[in-house]
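Some structures to go through are shown next.
Note that chain A is present in both complexes that follow, paired respectively with chain B and with chain C.
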Partner chain A sequence: MSYRFTDLKSSKSGSFNNNKLLRIQDSTMLTAGLSAGILQLQSFAGFGMFFAVYILVNLIFIAWFCKFKPSLYFTNPVHKIWVKNLFRELAGFVMTWTLAFTLVR
Partner chain B sequence: MLPQSVLSFWETIRTGNEGPELLLDPNLKLWALIPISIVMILVGVAKQCIMVLVSPKSKTVPRVKLTEILYIAKARALMGNSSNLSTESFKMRQEYLAQVLADGKYLAIKPAKDEKTAMENPFTSPGMTDAMTSMALGNLVNYIPQTVIMWWVNYFFAGFVLMKLPFPLTIRFKQMLQSSVRTDDLDVRWVSSMSWYIISMGGLTPVYNVLFGGNRLSKLNVSAQQQQLSQSPGGPNPKDQMKALANDITVFQHISVLDNIEDRVLKLYS
Partner chain C sequence: MSILSKSFYFIAWIQIIHSGVSSYEFHQIVKHIILENPDAKTPGLPDDVKLEALCGLLFFILGTFISQSKLKYLSIRGEERIIETDEYLKPIELNKASSTDVVINNDPYGEINYLPSFVDIHAKRKLFKEYLHRSL
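Take a look at the complex of A and B:
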């Protein structure tokens, strides 16, 4: 017996969830960039910090906000949480990293 | 022994292999780095405000058009969620929708007797031109400040090394990031103010989102959705869409979750 539901996802809630995720990722990665600059990390250490913080933040997001069930809140959670914003956050991280690195030196 | 090697390894990772150090005037930060950053953030704020002003205020869709769109959506929803209906109620809806859609009762533009299915020119319908003007203005708002800031940075902040990047780059970037600093063998990590412009152009999007995210952006999104609802140029003709949906609904194989429900419940509790 197969029963399905279609068109039941509210687009309003979906964009609310996306905005929430984006805001958390943005603020944490910008702060991480600032701290990497203040710590005077260079090259691989800085990018390593980026990936470490990115993974940590996403795991905390999945555990805390999604209660370990991200598929309830996102369609295609792997793409939405891990891949989609990666380069945007990387650019923001590099910017604040460079800024803090230069200001502190 | 081990901690020492670990420490030295950490030190090489941390610092990389650096070339000779340059001593930069600390006033460069005050008079080049910070002004460029402030100007870029303020331009972003102004851009957002202009986008909000330019975006179409409230899109209105004629009622007949809305009815048409919603009937098509209703047919799709019925087929998608059919298994949650009992057989009788599905039959009822199936007959009604098939008839209504086949007749084209809720078409926004009733077909004339001798119509030639004239393709509607998207440039003549008023809603479409509105959307196009706002789109063009949005593009202008995006591109003009970029060009202006680039010229400004190039004109006023050229000719010196502004900062050291925290990560090494390949020699290819020398042309772009060390423009106006004419040296043959300076390490690419020492860059001019143009590269700070490039870096912050990429990285400011999250900053804008953190500074004033949420309500304004979502407002823009809503208007975009309404536009989608109201017009889809080049999309399939609603009349043909309704015909196809009527066919689909008529031949639809309906399986209900409520089939044999009594037996299953009895089995569950027996």
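Take a look at the complex of A and C:
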């Protein structure tokens, strides 16, 4: 016998967790952009740094905050943690990267 | 935010600003060298400046994670107490998420249950009269 309401998720908890993840990713990727600008990285080196820091931050988040069980805290964790905020963070990173690059040059 | 995370942020910003200023000064010197001798081979950014910028970033990332506090709840009705948990995030499963509401005596459907149409106004008036009677 199957129940219709066995797989219900709390939207309140979901938005709380998403906001926390977003705040961490925003602040760290903006600072990573500053560092990339100070280091005068160009082209693929800068984007490589973006992906390295993005992966590092997400792995720390999964290990520390989710205790290696992101499915307990996120619906579709691969999408929510890795994909959903990727271009938002990339835009922020490029913004501070170019700002620091031109200020330092 | 704990003193530890504040100190991490402080060290991070000092390192990032200092490496930025150092990088700026280095590039000013390089510009002068090129102006004096256009054929001169320009050196790369010194390793200590690179290391300082990366260390600043690492300290900032650590500070960001440390500054996040574990979840705490204050019970709303009944005995007032702070309930500390070992979690940074809220569980997504509805049965677990609602169990927190049970622990803190929160009514997640209070927006509906406390609408005037749903409130037993006679019981409330009786309670209020009793309260007035006691306080007078």
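Definition applied: the second predicted complex is superposed on the first by the 97 of 105 C-alpha atoms of A that agree within 3 Å, B and C clash if a C-alpha of one lies under 4 Å from a C-alpha of the other, contacts with A are read in each partner's own complex, and residues count from 1 in each chain.
Criterion: a residue touches a chain if its C-beta (ideal position, glycine included) is under 8 Å from a C-beta of that chain, and two chains touch if they have at least 3 such contacts.
Bear in mind that the values here come from a model prediction, so they are computed numbers and not experimental data.
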Given the touch rule stated above, what does A:Arg105 touch, chain B (first), chain C (second), both, or neither? both
Look at A:Ser27 in the shared chain and tell me whether it touches chain B only, chain C only, both, or neither; answer first, second, both or neither. both
Which partner chains sit in contact with A:Leu56 here, chain B, chain C, both or neither? Use first/second/both/neither. second
May I ask you to decide whether A:Thr96 touches chain B, chain C, both, or neither, giving the answer as first, second, both or neither? first
Touched partner set for A:Ser43, first chain B, second chain C, both or neither: first
Under the stated touch criterion, which partner chain does A:Cys66 make contact with: chain B (first), chain C (second), both, or neither? second
Please report the chain A residues shared by its interface with chain B and its interface with chain C. 8, 27, 40, 103, 105
Which of the residues in chain B come into contact with chain A in the complex? 13-16, 29, 33, 37, 73, 76-77, 80-81, 83-84, 162-168, 196, 199-200, 202-207, 209-210, 213-214, 217-218, 221, 225, 255, 257, 259
What residues of chain A sit close enough to touch chain C in their complex? 8-10, 12-14, 16-17, 20, 24, 27-28, 31-32, 34-35, 38-40, 53, 56-57, 60-61, 64-66, 72-75, 100, 103-105
So, in the complex, the side of chain C touching chain A is made of residues 12, 16, 19-20, 23-24, 27, 45, 49-50, 53-54, 56-57, 60-61, 64-65, 68, 88-95, 97-98, 108
Chain A - residues contacting chain B, complex: 1-8, 11, 15, 19, 22-23, 25-27, 29-30, 36-37, 40-47, 88-89, 91-99, 101-103, 105
